[in-house]
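Chain nomenclature is as follows: A, B and C, assigned in order of appearance, with residue numbering initiated at 1 for each chain independently.
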Amino acid sequence: MTTATISTTVSKRPRHVARSLLRRPASAAAIGFVALLVFLAIAGPLVSPHDPETQDLGNRFAGLSSTHLLGTDEFGRDVASRIIQATRIAIVAPLIAVGVGLLIGLPLGLWAGLRRGAVDAIAGRLADTILSLPALVGALAIVAVLGPGLVNAMLAVGIIFSPGLFRVVRGATLSVAEETFVDSAEAIGSSTRRTLWVHILPNIAAPLLVQVTILMGVALLAEASLSFIGLGVQPPDASWGSMLKSAYNNQFESPFSVVPSGIAMVLTVLAFNTIGDSIRDAVGLRRRT
Amino acid sequence: MTTGQGQPVGEPLLAVEGLTIDLPGRQPGLVQDVTFEVRKGRAVALIGESGCGKTLTSMAVLGLLPPAVRVSAGAIRFDGVDLLRCSARQLRQIRGGPVGMVFQEPMSSLNPTMTVGDQIAEVRRLHLKERRSVALRQARELLTRVGIPNADRRLRSYPHELSGGMQQRVMIAAAIACEPKLLIADEPTTALDVTIQAEILELLRDLRDSLELAVLLVTHDLGVVADFCDDVVVMYAGHIAERTSVDELFYRPRHPYSSALLASVPQSGRARTKLNVIAGRVPSAGQFPGGCRFEPRCEHSVESVCRLPQADTAVDDGHRTRCGRVASGDLILEGAVRG
Amino acid sequence: MWIEVVGGSRHVPAPGSFVSAHRWTEVTVSARMVLRRLGGGLLVLWLVSILTFLLVQLIPGDPAEVIAGENATVEEVARIRTELGLGQPVLEQYLNWFSGILRGDLGDSLFTNRSVATTIAEAAPPTVVITTMAILVAVVIGVTAGIAAGLTQGSWIDRAVSAAATLGIAMPSFWLAMVLVSVFALTNPWLPATGYVDVRSGFGVWLSHVILPSTALGLATAAELARHTRGCVADVLTRPYVRTARARGASGVWLIRRHILRNAAIPVVTVLGLQTGRLLGGAIVVEAVFGISGLGSLAINSVLQRDYPMIQGYVLFSAVVVVAINLIVDLAYGWINPKVRTA
């Protein structure tokens, strides 16, 4: 499998990449959308039209109106406000998963790519083994050990992400490690740790960033799936996935209720994918296979 | 090997007239105003450095130009039919039927997922509507015909199981499967080892004689031209520089580019103190000089004449040049072979 | 894993076709390849068995107490401990457990006390059917759309397919499932919203229950396949051998079928193999939406009830399926790509 193969040493300057991302309408819109989500996640309570927790049982499943832009849910709560509230989880949950994946995959991948040896052999075998399991099945098994809950679910997703990240990092490191500047750094006595962080990491940033961005979207989908089957977010907290779950429970009464949180999720995943693909194009990496 | 010097009479088998090929919107004149003909049983060489438009010209004959490239003017008449204006159906019947084609790199030009036999049989199935088993039997004959031993077994080989020379034989077998009148060969020996080159050329010569094939041979190799062809069309930067018989070209080149090409070939019998290479590069399309396109690299250039566009002019019976100085008698060039 | 861009087709020998020594070498080579792949697959499965076994060992605290729950009696905890063999040394536990697996004994459920293997076998049919149908949906829609887009690059078809594929990849399958239920079962009562019936109850009824779940599950894979097929077709179109085929007079369906699809099929098959894992995972959630009691709901319930033998059995079963499918893909690969077959 060729996951993002690399022409790393000619990697373009970050500023150049950023400019080319903002110049394209699709990636600029995607970045704008993610920025909006981050803003809502931080400043949500200030801008949300209603209190997301206030129930109004006389006004259940209200349709779209000027007071309730996206209607109300089964407890008469304002859907728009709840979607805004849930952006926090939509940003934080993927960050946890990707962070855990990086915590495991990045150092192992760097080490394995530079030094090969036993670390490479063992970690590689382990990665193959985990990757042979369907991702959601693996995550489910880990949740079974850790117990349900958002953080545990995202830890599990992160662990499932780690072999993929390991492979990307290792592959990129392997090709960078062949460059002469690595040899010369080692020749003047750079420690392994310094070589990895100072000389290699910046040069594998591009493929890593692409992978991380796309995994953000995958993590959001995973969070939604796990929350939907009751292993992720637990009430009274709300994520788009758990909102979909209650929408599903009330689908006969209010078929429309599956739309708002679903659209929010699709747009967010789309935005992450667009950013990832655009970075890949901007730095001239090959497409995923 | 050449079939006499006199100009044959009657309709040519293939007549290319004023062919102009563009990349619309970007590069006009990849090939400009190219005119030549191929008569029955004759072998015509289309020669020039890479990028001169010779391959494009040969591809245009069967309508196989790359997607963005267009023929913007001219006519290509084969057996009286204008291939640029005939229906798609008519063109399909001509491709692989009366006109066979052999390409440069046999490895990538053969379908890796089809057996050699199926690829040859395909031509007969398409054109003669033969059943697969019948066509495969014919393919077996054809393999023997092009000198592949063990034809029964080879029929079921895949291209990657054959050597480059064998692959090119397979290409040729497929090209002649329907007994064409004209064979277009685009650098058929370039990708091969020198010894194999000679064998493939020998095979082509043999087929040419036995099938009375007319051949349009695209090449950059003057040795192949001398060995195989009757007439020659020298192309430079999208133009025809000179058009004549092979003997005339070697004895009396009438364009400085031709004579420079001749001089660049190491000659046996001459002291090899210096290998002449033409200085400079072929200009790329869109950056052609306004006057004679060879002028910047020409050692005989004279500003007053050569900065002007040059016309294609007949200098002798059947000998045309696009050099104004030669046409006016101002410049006399030396042949590679002196009589 | 080898991915080659070129190569690949089906060799269909003519009736009464020749058998020769040449074929023989191919047969032996591919037999060796099969054995090598099989060995690799078994190694992975063995490693999965270790990880699966370690699941119980990794439970924080005393596994038996955690599994039994907070209100459990001492006897119950003791029963679970013996049932899982938790008292013995770890290596001995593993060997006992693993030898059980080799005999097809995956243990018993902690809740129903029924055999895990039997329970999985009973729950598998709906999941297998829906996943298989999802693959069918994915291949039919994805490959067709991808071919159409690849052959008409830059056209409105191409753009529409690309846009739909981008959207399809971003869409969670369970949400798609809900939207499909909304449109085709609730707003318009054309198809049943939930449940699964066996095909023996009648093909029509069966199909009506299967069509929505497998579409919901398969569309994301269809999107992925469409993207890849488009890319492969576009790539094959630039290959010299396609030009050669056209120079022989091939065109239309003949050209597409024999020269373009055969070669484009190879990477597409690989992607399809990689997607089966995703489908198995997606099936968990899609089954939940449609209230189908297959492997997915079994898995969810087992996790919620902390029924570890069941979870272990489910994980192992999934791994076996994925490894088996990859093996089949590898073989199909060798079968359609003559270069691999003899290499």
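As a working rule, a contact is a pair of C-beta atoms (placed from the backbone, for glycine too) under 8 Å apart; a residue touches a chain by one contact, two chains touch by 3 or more.
Predicted model, so just to flag it, every value in this text is computed and none were measured.
Engineer: Pick the chain whose C-alpha centre of mass, unweighted, sits closest to the average of all protein C-alpha coordinates shown.
Structural biologist: C
Engineer: Counting only C-alpha atoms to place each centre, which chain is farthest from subunit A?
Structural biologist: B
Engineer: Between subunit A and subunit C, tell me the centre distance in angstrom, where each centre is the average of that chain's C-alpha atoms.
Structural biologist: 23
Engineer: Taking each chain's centre as the mean position of its Cα atoms, how many Å separate subunit A from subunit B?
Structural biologist: Whole-Å distance between the two chain centres: 57.
Engineer: Based only on mean CA positions, could you tell me how far subunit B sits from subunit C in angstrom?
Structural biologist: It comes to 52 Å between the two C-alpha centres.
Engineer: Show me the residue ranges of subunit A that touch subunit C in the complex, using the header's touch definition.
Structural biologist: Listed in rising order, the residues are 1-2, 125-126, 128-130, 132-138, 140-141, 143-146, 148, 217, 221, 224-225, 228-231, 244, 247-248, 251-252, 255, 258-259, 262, 265-266, 269-270, 273-274, 287, 289.
Engineer: Any idea which subunit C residues touch subunit A in the complex?
Structural biologist: Residue list for subunit C touching subunit A: 1, 3, 44-45, 47-48, 51-52, 55, 58-60, 166-167, 169-172, 174-175, 178-179, 181-182, 186-187, 228, 231, 267, 271, 274, 277-282, 284-285, 288-289, 299-300, 302-304, 306, 308, 311, 314-315, 318-319, 322-323, 326.
Engineer: Note which residues of subunit C are touching subunit B in the complex, please.
Structural biologist: 6-9, 11, 14-15, 18, 20, 22-23, 239-241, 243-251, 254, 258-259, 262-263, 336-339, 342
Engineer: Within their complex, state which residues of subunit B touch subunit C.
Structural biologist: Those in contact with subunit C are residues 62, 64, 88, 92-97, 101, 103, 105, 108-115, 122-123, 126-127, 132-133, 136, 152-153, 156-158, 160-161, 171, 174.
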